[in-house]
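These are the structures, in structure tokens.
Next come two complexes built around subunit A: one with subunit B, the other with subunit C.
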Partner chain A sequence: MARSLLRPFGRAGVHLALGGYTLIALFPIALILINSVKSRSAIFDNPLALPTPDTFSLIGFHKVLANSNFLLYFGNSLFVTLTSLVLIILFGAMAAWGLSEYKFRGNRWLALYLAIGIMIPIRLGTVSILELIVKLHMVNTLSALVLVYTAQGLPLAVMILSEFVRQVPKELKDAARCDGVGEIKIFFQVILPLIRPAIATVAVFTMIPAWNDLWFPLILAPSDQTKTVTLGVQQFIGQYVTDWNSVLAALSLAVIPVLVLYVIFSRQLIRGLTSGAVK
Partner chain B sequence: MVRQTFPWHVVFFLAPAVLIYSLFSALPLIDTLHLGFYTSDDAGLNHFTGLSNFRTILFDQTWSTAFWNAMWNNTKFFMIHMLLQNPIGLLLASLFSLKGLKWARTYRTLIFLPTLLSVVIIGFVWQLILSPLWGVGEKLMGYVGMADSFAPWLGQPSTALLSVALISVWQYIGIPMMLIYAALLAIPEEILDAAHAEGASGLRVFWEIKLPLIWPTLGLVTILTFVANFNAFDLIYSIKGALAGPNYATDILGTFFYRTFFGYQSQIGSPTMGAAVATMMFLVILIGVGIYFFFVQRKLTRYEL
Partner chain C sequence: MANVSLKELRKSYDAKSDVLAGINLEIAHGEFAVLVGPSGCGKSTLLRMLCGLESITGGELSIGGQVVNDLPPAERGIAMVFQSYALYPHMTVYKNMAFGLKIAGEEKAAIDRRIRHAADILKIDHLLDRLPRELSGGQRQRVAIGRAIVREPKLFLFDEPLSNLDAALRVKTRLEIAKLHRQLGATIVYVTHDQVEAMTLGDKIVVMNDGHIQQSGTPLELYQQPQNLFVATFIGSPKINLFTGSINAIDDGFLRIGLTTGQEISAEVDSTGANVGDAVTVGLRAEHIVENSLGSDVFSGEVTIVEHLGEANFIYLTLQNGQELVVRGDGNNQVQIGETLTVSTSSSAFHVFDAGGRAMRRLRPGNMISSKQSLASKEKIL
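On to the complex of A and B.
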């Protein structure tokens, strides 16, 4: 049967539209990557040309690595996002299980209390968060960022994980209970392994905002030892704004790891995104 | 399961999440809303001043001009997203969810890429492209014979906000696109097959079947855009700095909040005034979310399958 919108003429139009937009989406990133490996004069003479043996130069990358602790910033970002993710998944799954498995007074209120955090941005509490972090002597520590991102990610994670926890067959839980297994053991040995498919979805919604955030690193942990990539690049570029080689190399260094991860995980990521959104 | 003893295991399951969320999200928010009613003296002590901070923001000449400027810019910023980001996202999602389309996954994956990157990176990338120094923008426009209309858009007061908003649209289009795509996938095949069998055109299927079925998702996309826009900061801070120039043309509530809290140039930052600005932002977001839950969502759920 002929799909009316996919007649040959229509099909070409569809590809034209999608291909055109794909070009718009990729061009700026490609432009940065291409020019980051060119000499200064080549960057200005012909920005749209690919690097040739004549114009190839890695000077920008040498400068960035020599003038900033880029690898340290990268490690900081990795530590903060991964630790937050582990805490969000563990504590989120525990809370999702606690809320959907047991009936107790105030259950629905507690669920609503947690759900408010999905809609109200945590940033609005920054004044008091900073005060609290100062009181706890945690300014310029990565733990401060981990705690804030965990608090930020938990509400949505609890909602997504609740959907998964509710799908666990009743027989599985009852069988374990008949064998006299304790509730806590049931969670860790039966339930937690079953929510593995949800991890991708939770990771998409919690890791990306944490990795890319500028606000909290800027306010809670701006020291050179605790800078994240996002803040590090932002400040590096602010300092070297006229050195185009350095700026382009710094941008590329920030983009490349994400690009590599995306090439590896894009399928899981998009599946996580769409399955999380349908629910 | 009926248990006689106190359900310690329930406490065990809930305590970590509730504690971290309360301590670092809920309580600071409540405390901020509370702090907006205080003022601090030179010794750093806080005194209750009632609504005086809010009166200052709304009625003091210097403050109110800055506040309403940020508010109005933020509204324009949001409207640009609603007019461009969400319709284009809808169009792209409907195109690559068409059945039997080749390379659909490739398009989807590539178009989503910018959404993954940090706003800070994106901001700088576009700043370079639009820079008259580099001339890439001018060169590209030259290919379509429009080199003369090129201008330093990010630097002109009349075009700066629009340019920043367009950069934000370019980056975040992936989110509405993916949410709408997921909703389109969830439409049962039989409905579409039946419509096609009856001879309905692709366009008609879209308007009369798909669109009504994804209204709830479009509602969700709207409120998510609203919350994200009225809470935005990173992009403008990295392109234009805390002063949101030129001459506050790109100042939105997020940058206004940051300046009030931390101070800038000659003005000294004030946590209590900052808290008052945060409270105003909270009210704006609360009104938006309230409208969504009480009107939009209630009306829309009727269409759900």
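On to the complex of A and C.
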């Protein structure tokens, strides 16, 4: 069916469409990268022009890196994102295994409760979250952000991983039990290695929103010590004057870790997405 | 000693119905026991209870004299081979076999020695570094058996291990399992729905249906003296011919039975408890019928289908009243569809079942048809 639908376009048409989409997706990133290495006047003269020897300038990067706080923000972002990622995957996979493998009272309700978490944006609960964090004396700590991002990522992680855990053949678990492998060891040594593609998928889906988030750092951890990159960039954006060189340089630097992680996970990701689709 | 003893073993998932209702079975040390029955008869559940993967609702299960009802699988001294092999896909063959031993805390050298030994027996030495996905079905099957062997269990459990293999490989692997049984001298419980597998492999066959053991015994016992209608129809290929009828007279050692085909036959069965006028079912195996009229009981009908097997033909006859009769004929005979064929059998070949489906014991259960008959067939050969 899919094949006959594609026929009028042909292979070239498909590539044309995908190539076009790639261009649209990459355009803003390219724009940031190009302008981050141009002088201020060149940015305003012609934002789309490539840097020439005349207009080339690393002033933005100099300013950003000289501002020692920026490396701190960068570290904060990295810490928050990676810690959340590890927690989401660990707890998500454990919950997925528990919900799909063991029958207990309230199993279905618990699964439904987690599914609701996907449908309702966590930002709707910002006020209560803030109240809670204040009561816990966790305002202006990175742990507060880690907790919120973990909560935000878990529902989708549990949903995706459950589907994959269910696909692990029952006999494999039985065989492990016959081999005398305990339930926890079965989870870590048999189940986890088998759902690796799904874990990569979850990693990408949860990593990017956490890295890009501006909302919660602004509300829960706006202090100088706990700012994340997205929040830190705001200091270059003023009410009357915006230091575009620094903003673009900071954003260029902020893109790098996400790109690196994406490249690491993407091979697995493709396998994860397709195996989920076909089966 | 690894004898297995099941006493009134029960399994139910809810209070209403039993999946297994009071199973009693003794399996001697070194015996090859085959559980066989149609799907849903409870044979796999029983195997999983032996293994420890299903809880036991009631009764007592002991392996090697020790009650193991509540022991986890690993402590029962068993190893199981699964239908889908259940090899860990992300581990090499070697690691697959070593995994359970490593968990049990065995020493590295001992693990290695055991794996080399098992690999040697199964001729999979050259595959130890491969991943399961790089192996053929037959090789995976061997690895699965190897993983069972290295555990040096008291009892091997096989859950339909051959049903994922193609026909040729199935026959070959069947032979290998039989050889392995002799080589290891192990006690084996083997589940299958294939009666040929059951007959060829088992020292003891346990026929199950509806959560009950219908009959257990040697392959020959089951074939020659099926205790009830279910076992008679389950064992043997093609399926046993069945007639309905009623007892006309009870002679000395013979029952004279009027069939609904309008014909009277005499069956050589133990008539204890039978009364004149009782409704009975008469069974007659295709291979106990010959294509001539020399036997004591003669049938004739029109040939509707002939299946050629080479050494034999399965000839399907339709008798006068529409009843179908399968005859195993000589493969050399050219039988034409539509012709009328007269066939006969001996009174010792009949199986007779009472209204409740219980068999009356056959008095001369051998495969011989009759002395007159065998003489006749010998003459034909000469």
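The rule is short, and it goes like this: the second predicted complex is superposed on the first by the 198 of 279 C-alpha atoms of A that agree within 3 Å, B and C clash if a C-alpha of one lies under 4 Å from a C-alpha of the other, contacts with A are read in each partner's own complex, and residues count from 1 in each chain.
In this section, a contact is a pair of C-beta atoms (placed from the backbone, for glycine too) under 8 Å apart; a residue touches a chain by one contact, two chains touch by 3 or more.
All values reported here derive from a predicted model rather than from experimental measurement.
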So, does A:P193 touch the first partner subunit B, the second partner subunit C, both, or neither? second
Taking the superposition as given, does A:G125 touch the first partner, subunit B, the second, subunit C, both, or neither?
first
Q: Could you tell me if A:F236 is touching subunit B, subunit C, both of them or neither one (first, second, both, neither)?
A: neither
Worksheet item: Of the partners subunit B and subunit C, which touch A:F205 in the superposed model: first, second, both, neither?
Response: neither
For A:L251, using the defined touch cut-off, is the partner it touches subunit B, subunit C, both, or neither? Pick first, second, both or neither.
first
Exercise. For A:L99, select first, second, both or neither according to whether it touches subunit B, subunit C, the two together, or no partner.
Key: first
- Quick one: classify A:R177 as touching subunit B (first), subunit C (second), both or neither. both
Overlap of the subunit B and subunit C interfaces on subunit A comprises residues 177, 182
Subunit C residues touching subunit A in their complex are 48, 51-53, 72-75, 78-80, 82-84, 86-90, 99-100, 103-104, 147, 151
Within their complex, subunit A touches subunit C through residues 169, 171-172, 174-182, 185, 189-190, 193-194
The residues of subunit A that touch subunit B in their complex are 1, 3-6, 10-11, 14-15, 17-19, 21-22, 24-26, 28-29, 31-32, 43-44, 47-48, 87, 90-92, 94-95, 97-99, 102, 104, 110, 113-114, 116-117, 119-129, 131-132, 147-148, 150-152, 154-155, 158, 177, 182-184, 187, 208, 211-215, 219, 229-230, 233-234, 237, 244, 247-248, 251, 254-255, 258-259, 262, 266, 270, 273-275, 277-278
Per the touch rule, the subunit B residues reaching subunit A in their complex are 1, 7, 9-10, 12-14, 16-18, 20-21, 23-29, 31-32, 35, 88, 91-92, 95-96, 98-103, 106-114, 116-122, 124-126, 128-129, 134-136, 139, 170, 173, 178-179, 181-183, 185-186, 196-197, 200-203, 217, 223, 227, 231, 233-234, 237-238, 254, 261-262, 271, 274-275, 278, 281-282, 285-286, 289
